[in-house]
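One structure is given below, represented as structure tokens, and several questions about it will come after.
Just so it is clear, A, B, C, D and E label the chains in written order, and each chain counts residues from 1 on its own.
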Amino acid sequence: MAQPLLDARHLVKHYGSVEALRGASFTAYAGEVVALIGDNGAGKSTLVKCLSGVEQPDAGEIVFDGSVTTLPSPVAARRLGIETVYQDLAVAPDLDPAANLYLGRELVKPGPLGWFGVLDKKEMRRRATESFRDLGVSLQSVDVPIGALSGGQRQSVAVARSVVWASRLVFMDEPTAALGVVQRERVLDVVRRVRDQGMAVVLISHNMPEVLAVADRVEVLRLGRRVARFRAAGTTVEELVGAMTGALPQEDA
Amino acid sequence: MSDRTVKQRLFGANTLWIGLVLISLIAVFGAIRPDAVLTTFTLQTTLVETSVLLVLSVGMTYVIITSGIDLSVGSVLVFSGVTSAMTMNALNGGNATNAGWGTVFVGLLVALVSGAAWGLLNGVLVAKAGIPPLIVTLGSFGAALGAGQLLSNGSNVAGVPNVLSSSLGTGTWFGVPNLVLLAAVVTAIGALVLGTTRFGRYTHAIGSNEEAARRVGIGVTGHLVKVYLLAGTLAGLAGFMALAYFRVASITGHDTDNLNAIAAVVLGGTSLFGGSGSVVGTVLGVFIPAVLRKGFVIVGVNVYWQPVAVAIVLVAAVWFDQSRRRARKRR
Amino acid sequence: GGGGQIGDSGTSGNTKKMVLIPGVAAEPFYISMECGFREAAKAKGYEVDVQAPAKFDSTLQTPIVTGVLANKPGAVLIAPTDDKAMAGPMKQLKDAGIKVVEVDTKLEDTSIAVSTVSSDNEQGGQLAAQTLAKLVGGKAGSVLVLNTKAGTSTTDARAKGFEDEIKKFPNLKYVGQQYTDNEPDQAASKVTATLAANPDLVGVFATNLNTGEGAATGLRNAGRTGAVNLVGFDASPKQVEDLRAGAVQALIAQDPATIGRTGVEQAIAALEGGTVERDIETDLVALTKADMDANEKYFYKQKC
Amino acid sequence: MSDRTVKQRLFGANTLWIGLVLISLIAVFGAIRPDAVLTTFTLQTTLVETSVLLVLSVGMTYVIITSGIDLSVGSVLVFSGVTSAMTMNALNGGNATNAGWGTVFVGLLVALVSGAAWGLLNGVLVAKAGIPPLIVTLGSFGAALGAGQLLSNGSNVAGVPNVLSSSLGTGTWFGVPNLVLLAAVVTAIGALVLGTTRFGRYTHAIGSNEEAARRVGIGVTGHLVKVYLLAGTLAGLAGFMALAYFRVASITGHDTDNLNAIAAVVLGGTSLFGGSGSVVGTVLGVFIPAVLRKGFVIVGVNVYWQPVAVAIVLVAAVWFDQSRRRARKRR
Amino acid sequence: MAQPLLDARHLVKHYGSVEALRGASFTAYAGEVVALIGDNGAGKSTLVKCLSGVEQPDAGEIVFDGSVTTLPSPVAARRLGIETVYQDLAVAPDLDPAANLYLGRELVKPGPLGWFGVLDKKEMRRRATESFRDLGVSLQSVDVPIGALSGGQRQSVAVARSVVWASRLVFMDEPTAALGVVQRERVLDVVRRVRDQGMAVVLISHNMPEVLAVADRVEVLRLGRRVARFRAAGTTVEELVGAMTGALPQEDA
């Protein structure tokens, strides 16, 4: 198999006396969808935060594109082409959907106004509307702050933001949890499309049929450690659940 | 999907009702004493007397939108005034009263740099060291005042150039006091930057959800430093304006500038919890108490009743504004 | 082309009206002055108004001056809160044809007011030093000055007068002044701290009402009332009572009612074409428990 | 699953480091001037002089934990002192100096009721009318002071009964000043109620997520009213204590009580955004600036340097506390 | 059929210019699990808020237990025995899980201490731990504020809170969205158990297999209106999706 795009080895992360990661490893290859599954509290979100620069692991090693790297901040991860949909969404509730989509990457007006950083709100709103249409999201008004949107609408904005900007790797922490049936299908389509462009997609989900439908590989986290890896093809839901709950014999993978 | 006009975006419907409050206050005072209230003179002096606070409040608006607070503005104003006046005096052998424009220019620069230095200190302590803004700026509130007293040895500094006080201090331009012009320009720029630029957008984003802003790659630390720097620099400018107006760098009398500025910002509809707010609202928030105080003096309200009356109108204004806004939302 | 100065436009007002602008609201000193003012002005058939800032502060007094100016009274009696900062606003009064009389405090610029009626704060400080020295007698020990806020012109002048004068008494060691932010509790704390550091403290000069009250409290709390001589400034009813009760050993009193009355006389002279005296100094006295009853006329009033 | 001890719950690990700061401050001053610092006299006077602020700060802690703020405490203190003193005088033909315990009791009641009335007003305007606490209490800050001046005609009210000032004001009980005892009792009750009772739990819940509290059926409006009522009543009590201590209801000199109390609360680790905080932290937050001010006078620091030094130590203390706490979290 | 426990008729709710509910009706019977489904932004959460006293409908009528009623506040709804798991969870992030579970219904110490409202923290913690065990939630520490828990852990607390206290009706707005496979099964078991005690359970979910597995009836919301009702038995996922998306002919039900 080719060199992994991202290889995290034996990450450890403590919060006070709580051990969220106890030597977790994780691997993602370019051009694949890898599902990261595990019970509630297994450490999936913590792993994602460590791998997107939000948290700093207490121990362990991260290899990106063949070279050992540290991710001191989200900016560092973004610079490597890593985008993330966080489980807690990380949107600015007082800003409208377009502003959230372009947050940190605003478009400015062409010409001298742009030199002063004057925003091209119209263009951002137009393009945002387009992105939302792609994801099957319908908004009654684009002018309301995102805090007033429905749960699913808010999640769609976060998903749209990550896929618009990613170039190498996308982490998606339960991106479909609040989505309707149609929107969920659209997002899974987007996931496949992104994969086909050669990026790696890491999908966290508690929906096993969904995992098996879209993922190429599955890695299983349990109590802060990777305990199993599967090729999705030919694996059954029972096997996955067994690995997550520890019913199947564990191996420190 | 409806599109908002520029006007709507700049003003925000939030400022409509509080604006109405201001207009009705003026109308009431005008009805009682039309001869004294609705005159060019009263207009001029009211505007002039609010100019300094307005400049402070513009900076405060930014700080509060990031969900911070700046208690130090009044002391920074004092400090900047002292350094500026002392520098101008030093350049002119101890008394700058008859100094020229060169001295004034240096004085302006010193005031701005002094203010910026305190702003930078605040910003670094808040953003990099992660100390709560209330504590940081309470600290610089005391420290800047103390430093000003140390420099001036505890007394007011006089010797302000006449060219400065007669031009910026009391001069007018087609009837508009120059001090007011300057404050208006600062306010307009402040409103435009906050409402239309990336800087303003980041200010809102950080106040709305600092962690989200950090995760999308906004340089939160740097931005916060810039916001406090801005507030400090504007306080420096305000110090220079006060120098021109009062012809003296006064050490006392600025203890409540911070609360006045904060009140103006909150009165103008900005939430203390950050995330939303507008400079236009702040302008209204500056003028309502100013108009009240002035009106009460002109109408001749008993001095002890004045604070009570101001308090009642303030609270009533915000209550009216809020209940109107809520009703609008319900509609 | 468009240049000019604020207040270029003007209208005429009511010359039979007189306004007093004290340095701060709610102080017996200014209330007593107000009493003298009202009495004298009413006797001459003038309409009166009093507008005081909430604090002794030029930024609060300025809008009052311009607000009063909008009404165009005939004369204004004012206690400028800053000897330079108030020059601008007060010049506007003069430019509008209003007769300005300074009471209690004065501007550096002597060209604005027609007359100044005041007692000399610096001299009051000197008087305090002399009184304290007399009270202490020949004993050696430290003395402390409790001041309000740095930059407050009146109390700074009192402190300065005291500091200059106290040097003439070699038995008294001046340990410097402490600022209290004009808060009684800080004054109390600074007194007890000074007592801790300098157990030989024999005298305290408190430059105004609040510092005096705080100092008395601090001394009482330390059980040193009377052992440490406290000299206060001004003679409000509470201070007089404290003097009588022995919480304070001496008070430096001004004569605010006379200041107010004389101010009115000067204003009327200026308005009606009489002779105006440019500078009038009123008395300052030191009141001690022994001679206080003889000097009852110097006690300040709470209300007229 | 580990279980916390009562001590841990009451103190919260959050107060450990700031407590350390306090101890080291005392140690430093003690090392420089052991003869003047480490004496019963200095201990007693320091405690007495912080009693009034402590009582104010206990109420403020509750308010800030609900994510509110109360700027009015200083003015309410003044108002309560004035009403109490005037009532006592009125009951005794204009001068209560020689009045008995009955008068004192009525005076206490009047002070408490006066404070409670303002607290109730604040609470109703904040909780029921939904006006931002900053605006409401800025209003009552002005109004309560104005009302006090109106009542007393602008001057201090004397005539405090001797039995009151010699018992509560300067009396001691086994060497402990009675004023300190009272403050300690209030503080202890405040700490227990906040840490162990339903009332305290609701206070935290409302500050943490007001909407969630409302949805689980907590009477948020009523609880907020009670919290402001508590703060007002304690301000009333503080007014009465000040009366006993100073023997006069003084009108001026309490403008910065609000900021001092807020600073103490924040210094003690309570977040201005609400949801968490402790009374024990507030106690430390009250004493740190008090010890500093006292220490600087004793050690003989230049008067102009004093505010600067206080500011530096304050900021440094919080910075130390925060970075230690963060390190502990990381461990 | 028996008299409905809750019958909401033609509810209308506007937010500014946004119409969240445009005459929505909804019915729930005692002793049944009724699923409320619909696309993102269909108005499900808004409906739940209107029926649990959090929001006031602009128009329409609510009949509870046969009599017309209004729900001016969440307290009013609770008094009728209605509990709710909100989509945004509505927990106090600074309090620990036990405190959140007992929020608004704290246990006090027996005896005189209790009269002063002194909390029995130990007992609450003990019982909370039990409740969590029931739901299959494992917490490394019960002392951390709930804001520090994983998404699924937080959701479990909210679910536990509602079922502990309900007596007539439970609204659950996407209670399983963030739950792991095991926890989800446990929650569905709890839902059935609650139903069997004679309560009505209203379940909102985007997971159609889950809906069909646990619900007795299904009501479909679309663009703020009820557009279809199904008996769960014999209905297929395709029919449900058709009704939600409007592919099937609509009827104003």
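Heads up, the rule we're going with is that contacts are C-beta pairs under 8 Å (C-beta built on N, C-alpha and C of every residue); 3 or more make two chains touch, one makes a residue touch a chain.
In this text the structure is predicted, and so the values were computed from the model without any measurement.
Minimum number of contact steps separating chain A from chain C: 2. Any chain that touches chain B and also touches chain C is listed here: D. Simply put, of A-B and C-D, more C-beta pairs touch at C-D. A centroid comparison over C-alpha atoms places C as the chain most distant from chain E.
With centres taken as mean Cα positions, chain E sits 28 Å from chain A.
One inter-chain figure worth recording: chain A and chain D are separated by 48 Å, centre to centre, where each centre is the mean of the chain's CA atoms. Between the Cα centres of chain C and chain D there is a gap of 32 Å. Residues of chain E in contact with two or more other chains: 15-17, 139, 141.
Residues of chain C in contact with at least two other chains: 25-26, 150. For chain D, residues touching at least two other chains, in rising order: 2, 149, 153-154, 256, 303-304, 306. Put simply, chain D touches chain B in their complex at residues 67, 69, 71, 125, 129-132, 134-136, 138-143, 145-147, 149-150, 153-154, 255-256, 259, 262-263, 266-267, 271-273, 303-308, 310-312, 314-315, 318-319, 322-323, 326.
Within the complex formed with chain D, the residues of chain C that make contact are 25-28, 31, 150, 176-179, 181-186, 188-190, 192-197, 209-210, 213-214, 216-218, 220-222, 236-238, 241, 247, 302-303.
Residues 1-4, 9, 196-199, 201, 204-205, 207-209, 211-219, 275-276 of chain B are the ones that touch chain A when the two sit in their complex. Listed in rising order, the residues of chain E touching chain D in the complex are 52, 54, 73-75, 78, 84, 86, 89-95, 99, 103-106, 108, 116-119, 121-122, 125, 129, 139, 141-143, 145, 161. Residues 35-37, 39-42, 44-46, 48-49, 149, 152, 154-156, 158, 165-166, 169-175, 177, 242, 245-248, 250-254, 290, 293-294, 297-298, 300, 303-304, 306-307 of chain B are the ones that touch chain C when the two sit in their complex.
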